[in-house]
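Two complexes follow with subunit A in common, the first pairing it with subunit B and the second with subunit C.
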Partner chain A sequence: MDALTAELIKLKRSLAWPIVIGLPVVLVLAGAATQLADGTTPEDGWDTVWLQSVGFYGLFPLAVGIAVLGSLVWRVEHRGSNWNALMSSPASSLRIVVAKAAVIAGLTALMQIILYLSVLAIGKLAFSLEGMPDSQHLSITALLVVATVPAAVLQSGLSMLMRSFAVPIAVALLASGFSTAALMVAGNAALVSPYGLATRTALLGTGSFVDEGTITGGDVAAILIAAALGTVVLVLCTTAVLEHRDTRV
Partner chain B sequence: MSSAIVETTNLTKRYGRHIVVENLNLHIPAGCVYGFLGPNGAGKSTTMKMLLSLIQPSTGQVELMGRPMSRSSRRELLGDIGSLIEAPPGYAHLTGAENMALVKRLLGLTTEQIDVAVRAVRLQDQMTKQVRDYSLGMKQRLGIAMALAREPKLLILDEPTNGLDPAGIEEMRTLLRRLADDGVTVMVSSHLLGEIDKTADMLGILSGGRMIFQGSRAELMAASTPDVVFTCTDPHAAAAVLRGHGAQLTEADEVTVPGLDDRQTAGVVAALVGQGVGVFGVRRDEQTLEEVFMSLTAGGRL
Partner chain C sequence: MSGAAVANEFAKMRRLRVWLIAVLMTLAVLGLSLFTVVSSPDFDPGSPGAWNALLAGMSLGIPLICPLLLAVIASRLTEVEHTGNGWLSQATAGITPGVMCRAKLVALGLVVTVTTLGTGLLVILSGKLLVGILAPPPLGRWTVFTLCMLAVNLVVLALHLLVSAKVENQLVALGIGVLGCVLAVFSQGLPTAAAHVTPWGYYALATAADYGGGGYIAVDVCYPSIIALAVVIGIAFALVTDRFDRQEA
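Here is the complex of A and B:
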């Protein structure tokens, strides 16, 4: 808990905040841009706003967003001799890995919440849609919070290993593309990829790409199991790497 | 002073065929200030990183506070060890106070422990500033405060006087001395003897990855062999006679001969007298510690 509190202090004045707020807002605006320009309203109301915002967001911007957050959170450790100070503290490697991943996963969760609120805002304020989005959308948002944890752990591990800010982001972009292709070919088997898991969850109920439009209990169970297993395996692997890794000379 | 807080046995680090540190046997008595000296690139930082288990030795062992230092034991041991390796640590986007708050959280310290450490480096008036606006000297002092806050038994400082002005260096000396008086063992590295020789009880000199001297200042002086200076009736003739010994004529018309022990000195006097040169003065040249250090590290001898 102390390691996590320490990580939260590091978020003060961090560039992570503009990403957490800006990325979902921009994507929701981009999704609605055509209708806003034409002065039309979305054909299927809330479902259309959701599909054009969250559907696209789940394809690759979500993975890129998590990767940027990972690079930002680890960047400060690669500066000066902060790495030496971090590794010379009595905090165990597991605590360090869990705290960093929790911060990235937490910021990602905030991003999902802001995405939902942005969909709500654009539907109400720009398109004057009636009522509220389907409760299913809120459930998918909650599921997305859980389903993006393995990607957050993996990106945290990559940014821990690489001093480069951009390379982990490029990895996320490529892996996200491959994972979407794998989802189309292999279905839920591609949930072993944290990026595939995030994309599959974001597309739930949209009927686009890899989704058939109806959400089954099997789909949700597969997502939850993949998220839990992926998180545990990736945390353990990242901890083992950190524990045995030498600092740079 | 006799029980060792740091003990290494044949500590070696190599990268491929390049040996950075070779068969190092460090012995740091508890409660002393240990000056770890050597030119840049001698392997001082690598050694300190091995002591902290930041890098793993290729061969050899490290024992700290009587316990083997390894990846499995390091987190337990590190609670009692404060360190500052290479550049000073610190998150530039945070204030000094926020950086210390991090240390407090991570190490489970009290506000008082933090305040004492900050006051010890006299940084209490700069704590609301972001670290990016600190001078190098202030960053160095913050790094030391971060290392001190846990009230360590062992403090490992790598070139802590880098970036400090003469007043700052003097302050650092006083601080290290005071810590040692309070029972903290301090290992401090430098490539400049003058910066730590007045503070250190023990000196270890590293050159090319090998320990070329370890002991007290007096032992270091004794271990070196100062030139012998001859004052005689005919210095030019004496220099010619002793050319084979590497003799040199000084501006004061004295003849200096390097590397002579007492028995050889007697032989040289006899040789000069045998050649008809009257000898009326024989003495050892006075060397400063700096000169001894320079000659040792340049020649890699001892």
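Here is the complex of A and C:
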């Protein structure tokens, strides 16, 4: 628990909030921009607002956002002599990896909640839609919180290995592009890629790109299994890698 | 600025894998261009307008991929100066921070030029050989389009070099890169006037073909605006890098 408390203290001054709040808000605004400019209202109400918001968000900004958070959380460890302090601390590799991944996954979860709230806000305030969005959208948001955990763990691992802030982000952009292509070709088999898992879940029920428009129990089960397995495997791999790292001169 | 300063930047690039990012940028844009052809059901390689599909694919692929990867390579080559205290050590060797930024622009600019022109050529070649388009390629339009995209790429690169050099925390540079990606993509749906507001909007102005009326049609490239942007940012870059030389290290 100490490792996690330490991470939360480091987070306080790390400027994570512009990404956590800014990214989903900008994408929801961008999705609605054309209609706001034309003064028209979305055809299918909440469904259209949701599709416009997650349609692009799920393709790669989601993965890139997780990557930025990963780089941000690990940035401090690569500065000054902090790496050596980390290597010589009594906390075990597993605890460090879990604490870092938990912080990144937590911020990612907040990002999804902000996305949902932004959709709600733009529907209510800009388009004055009636009622509330389907409970389905809330469930997808909750599923997205779980399904982005493997991507958070993987990006945490990449940012742990690379001292550069930017490279893990380039990896996320390109990997999510290739994963989307793999989803189109191979379907749910591409869920082995954490990026494919995040994209598939974000686009669930929208009928765009990699989705047929109906949500089946099989899809949800596949997503949950992939998220659970991916998280465990990636945490163990990252721990094994960190275990073999040493101090740097 | 001397040739030695530029050669110096190429030496730094060797271990930063900039070339790898450049190659992946080319492949990603090529993949998206070909995807446009594969995904349009009424595409006919025999029709005289067949090249428009590939041009439209590139017009979408470049704004989708380039802004973030340009931010990555600019950040990567500038970050090493912050971490290794290169600003001071190079200044004592006679290369002041402003001169170094210009050398970085020339060195990375060469990489971006080769990448962008190479992508243009590669898409023509794959249109001929892989897709088997019968009509001769519209070389004049293709050249204007590629040069305009190159100009916007160089402008975005120059701005990112300034941000990465000025703000040590690369979160800012990469955050702007992500925002730029979103702006570049969504500017295509906005009125032309709105596209003039941000540098990334000019990707939309360089669009050479678009989907309309049941197929891909040619669109006029708005090149006077792009020339104006290149001149304005060129002068601004010269002025700002000149200011860099007058700062305390």
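The rule we apply is simple: the second predicted complex is superposed on the first by the 249 of 249 C-alpha atoms of A that agree within 3 Å, B and C clash if a C-alpha of one lies under 4 Å from a C-alpha of the other, contacts with A are read in each partner's own complex, and residues count from 1 in each chain.
Note that in this section a residue touches a chain if its C-beta (ideal position, glycine included) is under 8 Å from a C-beta of that chain, and two chains touch if they have at least 3 such contacts.
This is a predicted model, so every value here is computed, not measured.
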First (subunit B), second (subunit C), both or neither touched by A:L72: second
First (subunit B), second (subunit C), both or neither touched by A:H244: first
Which superposed partner A:G45 touches (first subunit B, second subunit C, both, neither): neither
Subunit B versus subunit C as contact partner of A:V26, first or second or both or neither: second
Which superposed partner A:S88 touches (first subunit B, second subunit C, both, neither): first
Subunit B versus subunit C as contact partner of A:G177, first or second or both or neither: second
Partner chain in contact with A:V167 - subunit B first, subunit C second, else both or neither: second
Shared subunit A surface residues [contacts with subunit B and with subunit C]: 79
Touch list for subunit B against partner subunit A, complex: 15, 20, 45-46, 49, 52, 54-56, 71, 75-76, 78-79, 81, 83-94, 98, 101-102, 105-108, 143, 146
Interface residues, subunit A side, partner subunit C - complex: 15, 18-19, 22-23, 26-27, 30-31, 33-34, 37, 56, 61, 64-65, 68, 71-72, 75, 79, 163-167, 169-170, 173-174, 177, 181
Of subunit A, residues touching subunit B in the complex: 2-3, 5-6, 9-10, 12-14, 76, 79-82, 84-85, 87-93, 243-244, 246-247, 249
Footprint of subunit A on subunit C - complex, ascending: 16-17, 21, 24, 28, 31, 35, 65, 68-69, 71-73, 75-76, 79, 83, 169-171, 173-175, 177-179, 181-183, 185-186, 189-191, 194
